[in-house]
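Below are two complexes that have chain A in common, paired first with chain B and then with chain C.
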Partner chain A sequence: MAVTYEPVVTATLGSAATELTVSNIPQTYTDLVVDVFVPPVPVATNIAMYINDNSSGSTECGFVTLFSNGSGVGSQRSYQHPYFAMNYAATANTTYPTAYTLHFFQYARTDVRKSVIIMSSLDYAGSGASELREGMRNNNEAITKLRLNASGQNLPVGTRVSIFGIAKA
Partner chain B sequence: MIPFLHGVIGTAGAAAGAFESIATVTASGGETALTFSSVPQGYVSLQIRCFSRETWTVAASVQIRMRFNGDAGNTYSFHEVKGNGSSASVQGQASYSNMYCGVSTTANTTASTYGASIIDIHGYASTTRNKTISAFGGGDTGVSSTEYWCAKHTGAWYNTSPVTSITLLPINGFAAGSIFSLYGVKGA
Partner chain C sequence: MTSDAASVTFSNIPQTYTNLLVKWVTRGTVSQNAYYIYTALNGTAGSTTYGYSSGSAAVGDRSTGYMYVVYTSAGYATTNTFGTGEFTIHNYTGSSAKPITSWSAPETNSATSQAAFWGAGLWNNAAAVTSVLVGASSGNLVAGSSVYLYGIKHA
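Entry: the complex of A and B
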């Protein structure tokens, strides 16, 4: 059987920045798995992933979330955004790191909308949340660029995006 | 007729790795079942990555169902926690004829829009244990409606036989272009 799940690229911030961008994503896989690590942030904020050159005016992304915050379970929907949100029931934290895994399906095709599954780990020793999210970008563009953003705040040094490619079975 | 897809045999001397591709099946449209047959037994667990849509016109999202080894008896159980963007709901079934595992969009949604799901099948090759699955999927299409939802599933097949075939079932029919890819995860 063919070995797959290949490392594509890892990008790490050496200094704080408002965005971490990975460009020129190879188009040779079927799915992408994106692991994101965000150290404690200077200001509690929301983390989001922009696709390609989606501007702030884009309304292409929507997502539905299932979350638990330790005291209850709930669901939330948001739509007409230029990004996929990666947290809802808790923001990125000033004391604890957060971790996310995004699965983009059929990302290189130009004949289907782009579907994504996002798993968010936002545990803060007694607070925070666990979230599962499924979203769709209402655009058939292949994904060639990913832009991690902290909603106007700085992503800290050590913020890391690792991309893996899964080939067709 | 249920289309079968036999596992693709890799060439000898392939590099060792933990995650290996096994087979992909793509719906041509209308299939009431899709099966991976002759599943190789050399892995610790399996993963199915689903990009799926149904021909159903009653709702906008629907669960994918699964059976092992052609067993259509009431030998399965599952639990579901589902979120529709407004509230979370739960269900559980015992002595059921299949397991819910993932979500498809339907013909009620925008064209070229497919649900995304990941199904993990743990210890599938065991001859001493019942089989356990875990899955997450969703069928959001970016509109404000509780008809589109995501769900986390766990399930079990109460049979200690190794899993040699996996059948995925729609509620109505899989739409053309639905893709199911099977991967094997090797042990350390």
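Entry: the complex of A and C
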């Protein structure tokens, strides 16, 4: 059977933690699709994805967000961050789970900057937002590590990062 | 689909995957340029927050009755053009509410109004998803429309 999305690795929090890291990502695919599931959080907070060992002082990531808040649409540009934001018009919620899909293109190359498209599901049964985001990391490093972070708050038990590889023919 | 129908339902969905991915190529019968496709899980509705842009205007909206997951081509669109898109039901076997991400692109390469659509949904139900309905918000889906269900299994 042909495989398009090949499961690579899944990391799930067994206890609350400030970060969920997936390391040693195989460099044998062309693109990565990353599925993130965050159960209801203890404190409403922003979710972000750090790349490799980007420190808090890094200024490598920029992104543009297109969002709907249920009554209108808008866009926002932000740059010179050490992370890709995963939400803007609504935070992760204390009652409902959130889900995110990130598609990293050409992640293993060491001669190009890294681009990503992020879809965020932040619907809260009458509030919340839907968001579509493009981003770029201004660094040629191959992506070997992803770190999901809750901006100083805890990610809850059951937070999950799953990585799929897409290989070109 | 070999004949027009209001909806398509996938039943008895195996509980062996992590996410469900629904892809479609559809066209509706309603006398409009484009309109909504909705989903119902286990026969019940949820909520969606979505936006779409027709190229001349952008709209944000919310639905707490139907779960609108896509905007697709309809009766006024150029002949033989179909909309395409997909939506993902995350953690469909889990015991919490089920988030949904969606997008669609019913382009017709003409002056006829179409729209790029993106959305987030929530099926606020702790039950595992065992059936997925994809339906036209008005009228029918035409014969020749196709809807596909995939299971996405994590490592």
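One rule holds for everything that comes next: the second predicted complex is superposed on the first by the 166 of 169 C-alpha atoms of A that agree within 3 Å, B and C clash if a C-alpha of one lies under 4 Å from a C-alpha of the other, contacts with A are read in each partner's own complex, and residues count from 1 in each chain.
The criterion applied here is as follows: a residue touches a chain if its C-beta (ideal position, glycine included) is under 8 Å from a C-beta of that chain, and two chains touch if they have at least 3 such contacts.
Everything quoted here is computed from the prediction, not taken from an experiment.
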item	value
Clash-or-fit label for the pair chain B, chain C on chain A	clash
Contacts of A:Tyr5 with chain B and chain C, given as first, second, both or neither	both
Touched partner set for A:Val73, first chain B, second chain C, both or neither	both
Which superposed partner A:Leu132 touches (first chain B, second chain C, both, neither)	both
First (chain B), second (chain C), both or neither touched by A:Ser120	second
Touching partner for A:Val157 - first (chain B), second (chain C), both, neither	neither
Touched partner set for A:His103, first chain B, second chain C, both or neither	first
Which of chain B and chain C A:Gly62 touches, first, second, both or neither	first
Which of chain B and chain C A:Ala44 touches, first, second, both or neither	neither
Listed stretches 25-33, 43-51 or 151-159 of chain B, narrowed to the one that overlaps chain C	151-159
Intersection of chain A interface sets (partners chain B, chain C)	5, 66-67, 73-74, 119, 132
Residues on chain A engaged by chain C in the complex (per definition of touch)	5, 7-10, 35, 37, 39-40, 66-74, 96-101, 119-126, 128-132, 160, 162-164
Residues of chain B defined as touching chain A within the complex	7-10, 14-24, 40, 49, 51, 81-88, 103, 110, 112-118, 136-144, 146, 148-152, 177, 179, 181-184
Touching residues (chain side chain A, partner chain B) in the complex	1-5, 30-31, 60-67, 73-77, 79-80, 103, 105-106, 111-113, 115-117, 119, 132-138, 140, 166-169
Residues of chain C touching chain A in the complex	18-19, 46-51, 53, 58-62, 64, 88, 90-91, 96-101, 103, 118-122, 124, 152-155
